[in-house]
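Shared between the two complexes below is subunit A, which pairs with subunit B and subunit C, respectively.
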Partner chain A sequence: MTAVAESRPTRGFSPAARLRGWIRNPWGRPRFLVLMTWAYILWSIVPVLIAVQFSFNGTRSRTVWDSFSTRWYWGDPVDSVWHDPTLRHALVQSFKLAGADVLIAVPIGVLLALGLARWHGRGSGASNFIMLFPLVTPEIVMGVALLLVFTELFTFVHTGTTAQILGHVTFSISFVVVIVRGRLFSIGRQYEEAAADLGASPFVALTRVLLPLLTPAIVASAAVVFAISADDFVISQWLSKGGETDTVPIRIYSATRAAPLPSVNAIATIMMVSTLLIVTLGFVAWRVFTRGERKEGAKEELGAFGM
Partner chain B sequence: MARGEIELNKLTKEFAEVRAVDGIDLHVHGAEFFSLLGPSGCGKTTTLRMIAGFEQPTSGQILLDGTDVAYTPPHHRNVNTVFQNYALFPHLNVFDNVAFGLRRAKRPKNEIKQRVGQALELVQLSGYDKRKSSQLSGGQQQRVALARALVLNPAVLLLDEPLGALDAKLRKTLQIELKALQQEVGITFLYVTHDQEEALTMSDRLAVMNGGHVEQIGAPQDVYEDPETLFVADFLGVSNLMEARVVSAGAGVCRVALDGYELETRGTKLDVTGAAKIVIRPERLELEEHGTASGLNRIPGMVERLVYVGSAVQVIVRAATGESLQALIQNTGKGIPFEQGTPVQLHLPPDAVRVLPFGIGDEPSLKADEPAEETAATT
Partner chain C sequence: MYRRWLWPSLSAPGVLWLIVLFVVPFYAVLGVAFGTVDPILFQPVPIWNPLQWNVGWVVEVLHRLAPGGIWFDVGIRTIVYVAFSLALCLLIGYPVAYYTARHAGRLKGIILILIILPLWISYMMRMLAWVNLLQTDGYVNRFLMFTHVLSQPRGWLEGSSSTVIFALVYGYIPYLILPLFASLDRIDRSHLEAARDLGASPWSAFRHVTLPLSKTGILGGAVLITLPMFGDYFTPNIVSPTPKTSMIGNQIDLYFHGGPQPTVGAALTILLAAFLTLLMLYYMWSIHRAQRDVGAVGAL
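Presenting the complex of A and B:
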């Protein structure tokens, strides 16, 4: 009883007591958690916003604000992202890798997920477990291993774009499998059985029922794969042969160690915005595709996006 | 031969360690409403899934109109299923759900349109074509599932507890509708349920299953009035069980003794004497005031408890033989002439008492709540 009385918003108490009551009020929102969440968001987003701000700086400084300008994007005839060939190539290379990664890893991952989810024999448990390996293996180990593979074993694959794509696909597939398999388990077998019952062959059941139902997970995993590929530094770096095969993260890293200009902030901003855009598109598509499954007005969890 | 005849011969299904269906033989006539009734884990759903083709039998035959379909994949079988949770395709609207099977059969467009229209009319859902399944109530979803299966005009319609997810009142309405629908379309319905009332209400015949076996097959009245095993007696409604000894069995009458009292029952099929159990339904057990009549088939007792259940009053009576028996007295509004502690006389009319020997059905595994192998198998 005392605890309840204590936490009531009361008049005439000291401000400290009232604040305590406001935070502890068991009938209200979980205010302490809300405060923690906002603190975390501020902590993590403020540095990013500052970096974005200085990409629009009018001078060559990355720390002292002068005036708003787009010179580091395209205005500067030498050092802007648009005019500096190394930056431009890095951007192209990053998008090339991310795009190829999505196109290759997503179909393979979906098929793998289908196989793993439907396979109930000897070794299925182990295979399901091994699928998680790339997610927990330190990337540096993976990078070294891949480099050894391409320089010692499969020497017909030279370092550079091909090796980088293969490297990205190798670790991206796991993400696709995990996301799609989760959706497969939540769908269950009932729709496939219903389709078979109504005369659909296994292939037709797959294309007419299962794939449409998996679309949200496929779109989500494509967005995730794009994001992690564009974000990747370690594997891209190990498998790069320098020059035009350096990606944006590599370029930013090396530029920051030399004499960094706000153009580094600009290219980082471009990467961030495009990745955000892709993920947002994925989210919107997921919302659209799962529209029919949600009761109107019901709150839904974010599915694959919640991970 | 009538269309939609099912014959199961020694049908068996084993999962890793359990024998979910243990060599059952069953014959379902064409255009019959047949129910498989049993507690969860009794193998009824597994049997249905084998007929639908989702599970492969370990051994045995499934004859559909004389042809063994045990190894035919589900999409080549002329049976359709109404699933327990309907399994309506969430990405398709009502029309496309119902048209799904016709499109797989590559029917011409206008035929599809016409037949889907008819099917939706049959289940009273005309005008709902464009709705998504999430916009329908449970009862409406159930009707769409029914239309989707019936539109293909199957030889047999399999229904896996289709009313299980609905509330009691809607269930009652749909029970009557389903039965009427079955008579209208004249298709064999194979209905799986654990609800004894549902099975009794709708079925032409039913099979009571337990532990992978069929315990008894018959018309609802036969199974209810004349249970052959303790399990059936117990599963189909509340039964009063008493230990007894068969003194003499014959074609006409059978005499059983229990604890100093002797009862006469109608003749049973058994021709054995010795330990047995006798069964009487609560609604057949009559209560008389103490000392009014004496003699045949009467045992004194004392009222232990009265339970008001609305339409009736349950009277729990401790019989002189030691057993606690339940009697059901219809609530006619006149009140019950007994109260707790009143001495009464129990009357067990000869034709209401059933004699079940030990060994058949053994101990009834009451309201089997043990982790069902059936659920493990289907998920």
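Presenting the complex of A and C:
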């Protein structure tokens, strides 16, 4: 509140003068923008909170609030997340894909980022180019491409879990590269050069100096990969063979088009809380690891989590 | 020797992965789109040799997209929906990003986190939230009837273009605000002070300094949301049951998940990808120009 008071340059003058000063002050806080920003934030978050609220509804309605109950999580013997096999399988499948994606995409992406940052020979330009492409390709195009390659060319990979994991890793690698490369640029080359001056071979400098310095970026990219994999709909859907390979987003999607129960809100809430928890953990870990090296506030660190 | 091979060999697994599972799949789409169809089973018969490619299906799809063709309306509708959504996203997103970057003060960190938060909430969860609210007896109708804006509940989810556009805006706007914020936050305040010292009104300082300097953010964010919006099929499917609001993505989805003709779907995908590549090239060209202009402002 004090900041608001400070930004009024004409304290003590008549209201008209104050208003004029307020309009003319280029660093003041225009009230229209304040209202707009908070309205936007409410608009973007409150509907989700209402959806969470209805996951605790005591009746089958998702529009009329009755009473608080955990029936849609485990109470209901047929339709709760815990007892409905389709919902339970979806949850398991989502976590399975996200876990496998982290385990495969993070190592590959870290190595690729290191290689691309330091390799300047023939082929490095083209590799860089290929790496950027998955970031700008609409998911439907990637989904069609992967589906066709698994049905027409690599026919030994059937649609289902394996195909889904391969697809998730393909779109995740680039995110890991972008995050790790940002960290590599901010570290600079001086630590490696110091290690080399002290007699370390490039490989030793890499494993003993560079990789420990990259830990925050590796943790952050693991969290980000988990989140984008768990939230992914298009690639999972195109490579799903139905049944147990449907993930939570696919369940939500098909439920919104049928007559859904609050159990859909419940499974969506479980997924949302897990994702936000992982991302927050990654963010906290990043802050702990980079403590003491920050010069300019939240910019760089949010950079890794903003995409 | 080993020194020279260390870095390329670190990149090898990643590059190999992307070649096998990104470049080759693209080629598979080309092979199917320029292939033929088995006359009895209607299964696609891909042709892998580019010299023998059959352009028949791509030409057929082009005909359907041309004026008078059966998909002409869908194509125009897609462009109109995306254009409206983009305009609305900019109209809402720019003031929010501007306020956060310039005036948020001590609240900047919190506001930034609240703006980033929706990015980490699944798209489907956010759509589900609105599907609940927009039901006939949902909160939106009840609120509008309580405030006497409506006298009886409106069927928001019964196939209206405005609902689809609203859902697209809601879904994609967080991806636009972030690059906008980044570009506005980077602007050096001394440029603005200089403009004001030289007698510019707040409005003309905004128009001649802030707006041009944030152009890369506007373009970057616009591309970031336009490309996926052109390929969207799930948003119209969720909030509207009729084919009257379907987009190009829905046609592709239909040919793979409903219809028997992946070849047509592949041809349509190729054309969509080509169109988006043109958009991307235009973006790169305008970024190049914007950076040249910004260079001129910086030199002032």
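By definition in this document, the second predicted complex is superposed on the first by the 253 of 307 C-alpha atoms of A that agree within 3 Å, B and C clash if a C-alpha of one lies under 4 Å from a C-alpha of the other, contacts with A are read in each partner's own complex, and residues count from 1 in each chain.
In the analysis below, contacts are C-beta pairs under 8 Å (C-beta built on N, C-alpha and C of every residue); 3 or more make two chains touch, one makes a residue touch a chain.
Keep in mind it's a predicted model, so treat the numbers as computed, not measured.
When both complexes are overlaid on chain A, the residue A:198 reaches subunit B alone and has no touch with subunit C. In the overlay built on the shared chain, the residue A:115 is in contact with subunit C alone; subunit B does not reach it. With both complexes placed on chain A, subunit A has more residues touched by C than by the other of subunit B and subunit C. In the overlay built on the shared chain, the residue A:285 is in contact with neither subunit B nor subunit C. In the superposition on chain A, A:212 makes contact with subunit B only, while subunit C stays out of contact range. In the superposition on chain A, contact is made by A:265 with subunit C only, not with subunit B. Touch criterion met: A:34 reaches subunit C, while subunit B stays clear of it.
Where the contact sets of subunit A with subunit B and with subunit C meet, they give residues 202. Residues 3, 7, 23-24, 26-30, 32-34, 36-37, 40-41, 43-45, 47-48, 50-51, 54, 62-64, 108-109, 111-112, 114-116, 118-119, 121, 123-124, 127, 130-131, 133-134, 136-142, 144-149, 151-153, 166-167, 169-170, 173, 177, 202-203, 206, 227, 230-231, 233-234, 238, 248-249, 252-253, 255-257, 260, 264-265, 268-269, 271-272, 275-276, 279, 297-299, 302, 305-307 of subunit A are the ones touching subunit C in the complex. The touching residues of subunit B, counted against subunit A in their complex, run 52-54, 73-76, 79-81, 83, 85, 87-91, 100-101, 104-105, 132-135, 148-149, 152, 379. Remark: subunit C residues 2-4, 6-15, 17-19, 21-26, 28-29, 31-32, 44, 46, 92, 95-96, 98-100, 103-106, 108-109, 111-112, 114-133, 135, 137-139, 170, 173-174, 178, 182, 185, 192-193, 196, 202, 205, 223, 227-228, 230-234, 237-238, 241, 249, 252-253, 256, 262, 265-266, 269, 272-273, 276, 280 touch subunit A in the complex. Here subunit A touches subunit B in the complex through residues 188, 190-191, 193-202, 204-205, 208-209, 212-213, 289, 291-296, going by the rule given at the top.
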